[in-house]
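Before I ask anything, here is the structure I am working with.
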Amino acid sequence: MATRTDVGADADGYPAPSRGPLPTKDVGRLLLRCADRPGLVAAVSGFLAAAGANIVSLDQHATEPSGGTFMQRTIFHLPGLPAARDALERDFAEQVASRFDMDFRLSEAAKPKRVAIMASKEDHCLLDLLWRNRRGELDMTVSMVISNHADLADQVRPFGVPFIHVPATKETRAEAERRQLELLRGNVDLVVLARYMQVLTPDFLVNVGAPLINIHHSFLPAFIGAAPYRRAKERGVKLVGATAHYVTEELDDGPIIEQDVVRVDHRHTVEDLTRLGADVERVVLSRAVLWHCQDRIIRYGNQTVVF
Amino acid sequence: MATRTDVGADADGYPAPSRGPLPTKDVGRLLLRCADRPGLVAAVSGFLAAAGANIVSLDQHATEPSGGTFMQRTIFHLPGLPAARDALERDFAEQVASRFDMDFRLSEAAKPKRVAIMASKEDHCLLDLLWRNRRGELDMTVSMVISNHADLADQVRPFGVPFIHVPATKETRAEAERRQLELLRGNVDLVVLARYMQVLTPDFLVNVGAPLINIHHSFLPAFIGAAPYRRAKERGVKLVGATAHYVTEELDDGPIIEQDVVRVDHRHTVEDLTRLGADVERVVLSRAVLWHCQDRIIRYGNQTVVF
Amino acid sequence: MATRTDVGADADGYPAPSRGPLPTKDVGRLLLRCADRPGLVAAVSGFLAAAGANIVSLDQHATEPSGGTFMQRTIFHLPGLPAARDALERDFAEQVASRFDMDFRLSEAAKPKRVAIMASKEDHCLLDLLWRNRRGELDMTVSMVISNHADLADQVRPFGVPFIHVPATKETRAEAERRQLELLRGNVDLVVLARYMQVLTPDFLVNVGAPLINIHHSFLPAFIGAAPYRRAKERGVKLVGATAHYVTEELDDGPIIEQDVVRVDHRHTVEDLTRLGADVERVVLSRAVLWHCQDRIIRYGNQTVVF
Amino acid sequence: MATRTDVGADADGYPAPSRGPLPTKDVGRLLLRCADRPGLVAAVSGFLAAAGANIVSLDQHATEPSGGTFMQRTIFHLPGLPAARDALERDFAEQVASRFDMDFRLSEAAKPKRVAIMASKEDHCLLDLLWRNRRGELDMTVSMVISNHADLADQVRPFGVPFIHVPATKETRAEAERRQLELLRGNVDLVVLARYMQVLTPDFLVNVGAPLINIHHSFLPAFIGAAPYRRAKERGVKLVGATAHYVTEELDDGPIIEQDVVRVDHRHTVEDLTRLGADVERVVLSRAVLWHCQDRIIRYGNQTVVF
């Protein structure tokens, strides 16, 4: 008689926590966007076949049955990709992209994105990203954590990631952003705002040279401004949610990447709502970061397609 | 060899569709609300025990650890309740409610709520309520369907419910409301706005003499005004939802009863969003109506407690 | 002051209930499955481009990074498709499918699937399918409803669909199936078991000449056999679910198309679980039927890919 | 122009991460279970009122309308509870519990449960519990982590919790359990199996003197035995879930506390399913542990009531 499935020591089908990355050698990702017209899929797949690449996966989306925007994500396998990559990119630009007036991006799956995380005092989003990445779940390298407070330094250090304290208040914003830009510009492919509670200026967004992903709470109806969880409680909401989005100059209004909610009821206190909201935030943010790092997201207008 | 669980004809544990109502004979429901103070539960349960009633179920909620609002729903069984009811109500008022300055409501489970449904052209919420009620799921009697259009008459008739066409436009609102009030006042315990697309005036709300429940779509962020599904599509939302609430003079802003959402992605068209939104709307509205008819809801401030 | 968004009569962005079908003229759907190898996407898209077709949408999936099964769904627009269809199919078979040893299926979006629904006494799945189809949500024509009981005849008639009573018990199964096959064979593209509570024999499955979709309840853990909702209640489950699947000779064990669950707790009675389970069943079944009718599903092994 | 809601430094309504515990001084929790009969609520609330206690919250549940099992959880405030507690318990036993043949348990909210966590090599459940407890979310004191592997020692140490390595294999089970019992017996109020991959014997369960909570994956259908995620992938499941339950001698079959699921589709690899399953596991386990530590759970038969 046994109280657990007796399948031998640690052998229930779980991968070991330190499992290696998925096979990414010689795997390329081609993302593109252009005006829709006949022949796009054939042109791209023909180009890749001629180049000796095998298409592993292909997703495409057209915003309208005809005459809209066309987007495609193609994963391909090309032996010797690292050496062939620059020529492939140049050839694609000349032979396909210019012909269809395409925006495109070619990346190698074997090169994880370099990511900076900016945080303040809240630890839930930051630690979840660091922990998932240590497990090998996120396909990224965390280059640094930048915080306007020193509080989380001790929690970040065990992950072997540099923690950089850049004090920032409304008054010292200019100086803080100058310092942040020195750290970030050219060094990272993505900046994640993991509950970073300071305003970033349009100048910063222009100059940082990498996309930014932010996470914030979501309610129905919305509660803009201070103390949203308290006001959601006063309004008796039955759902608490979170939205991850790219940062644009529009206040919390950039292209949505992912959203989720959790049910609450009258027995939940403001503290409970905050705790449950934090649970949703860290899950939603980690999904958004993973999808970005896997080159799954194409932006158009104020929207995203997540393949 | 068989392709379905062979359990005999129609015997897989499903109740027959025409199953009778749950036992409600001699079952009473006591809802109350007052300022919180020690001794409330003891006073109410003592009163009921002295009256010969057995408490079947009791839920209570206090908005604060102390000094807040106290609400309680008590389901009890009292042999001979129909005859004893008026005396019980009077005694409770004198012996308990006046002492604690309580608002309270006593109802008999055996008396289903009399409900009017108001609709326009959309059928999904209306038909779902009628169908659920025919199955015996909603503990209500539908007294009438009032619509400002004649379109749905043929769909309502098979349910054996009166369909009353009261044309209403912005211009004829006063006359339409006069006619609606004649139909409703004193005749119903609840009015359900099942996608009724006309404004109701504050006067109507005051004079109708029954609470109103409304359903509307919900998005994160909110899209106020015309064409919300199209705008939600343009914004690339990942969730589409619905909110059922009591109607107050505040525009779509009364106490929330229930909310739910469904996931969507970039492949969903505006028509898909609308269809999925309708699915959520009918489920959320039917839950809200069921809970109201079971006397599960207590309002306070701009919130609800749903026991 | 108004209590509803005052956007004019019925003008809040909802489509009219009787909206026409999505544009499907000249739209074809090509589904294919074969062993994965380089050049598949290029070959198919090249063929379509040469035939003058514009790819509207393309989804593909490979079960392994290499060496697995490859599946693809391509939606294309080809002016004059109805006339060109047979030649297109023949050319594709000769020029592409034979070369790659493909299974494929070509269908026209403008030709809705002909569907038979089999039911017993439970109405929730049957009526939901009929109602959704009346709204134009399901891209199908319901050719007939076959039931082993007469109970639901009155509820089906208003939808203008033939209701055929074929009594069936364990003893009369052979005769009943003979009669059912006469009705179905060659006349329908899909059979939906909408809580049809009789066993179907392997002979029936072989001879009916159309795929069958079934819906059944799902629990964690599973409760096989009689009275599953009562036993789920006794086990204190916190989730109640439903699974829609293709019917195979394996008892309730065919390829899963869709699953969903709803939360329950100790306050829910067996009747509540049954009601909530029915809600999930009708939603899950309608999704599976819609996806099948849109040619979104490819089967392989005992699984499905739903594009 | 600003890209985040500018509400001042870190002032958006989030509590500081190091917020103190909820007020628990002089708060008691009384859980009871007995055969249902009239007068129970009155007897208990009358006793508490007479003792000078104010009922903060009361939940009760009867398994049948009459003649079933009655369960109640009462939260009360009694000034001077720590000193009065023993007398209160004795008086309740004599004056109420003995009269109704009640099982009951009286606890003080100010005394967090002493908890041992047992783990193996997987870190997700263990670290999530430690992290939530550091944030003050779980109302418990983690007395120790026991693991049959040394792998997680470095990850546990920063939380200031003793990590005790007790090697255990099928062969050394008796010796391992002897050592574990020395550590646990009398020292903890709860044992959490956070992906502990060793069998525990019935003797251990009897002698450990504290309830055990376990977490395991859940699928529809169930996949018993080795490699469940691989087999779920082969079956094409659309949901992956987890179940937290009390441990009994029945293999993975004790009273369910909480369940949840996450949607998956054909694009998810076995590794993705495992990762998403781990996400559900840690959330479901943490909810179960929280509810246990808040004395929200009453067991009866093979079920739980979670108030």
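Per-chain numbering from 1; labels A, B, C and D assigned in written order.
Operating definition for what follows: a contact is a pair of C-beta atoms (placed from the backbone, for glycine too) under 8 Å apart; a residue touches a chain by one contact, two chains touch by 3 or more.
Per UniProt, the chains are A, B, C, D = Formyltetrahydrofolate deformylase.
All of these numbers come straight from a predicted model, not from anything done at the bench.
Trainee: Quick one: which of A-C, A-D or A-B reuses the C-D interface, over half of the residue-numbered contact pairs in common?
Mentor: A-B
Trainee: If we define chain centres by averaging CA atoms, which chain lands farthest from subunit C? Would you check?
Mentor: For subunit C, the chain whose C-alpha mean is farthest off is D.
Trainee: Using the average of all C-alpha atoms in each chain as its centre, how far is it in Å between subunit B and subunit D?
Mentor: One centre to the other, that is 35 Å.
Trainee: Just give me the whole-number Å value for how far the CA centre of subunit B lies from that of subunit C.
Mentor: 33
Trainee: Take the average of all CA coordinates in subunit A, do the same for subunit B, and state the distance between these two points in whole angstrom.
Mentor: 41
Trainee: Residues touching two or more other chains, restricted to subunit D: which are they?
Mentor: Within subunit D, residues 61 contact more than one other chain.
Trainee: Of all residues in subunit A, which touch subunit C in the complex?
Mentor: 23, 37-42, 45-46, 48-49, 53-62, 65-66, 77, 263
Trainee: Within their complex, state which residues of subunit D touch subunit A.
Mentor: Residues 1-17, 19, 22, 120-124, 127, 131, 135, 137, 148-149, 151, 154-155, 158, 169-170, 193, 195-202, 205, 214, 216, 224-231, 247-249, 251-252, 269, 271, 274-275, 279, 283.
Trainee: Please output the residues of subunit B touching subunit A within their complex, sorted ascending.
Mentor: That would be residues 61, 218-222, 234-239, 241, 243, 253, 255-261, 265-267, 301-306 of subunit B.
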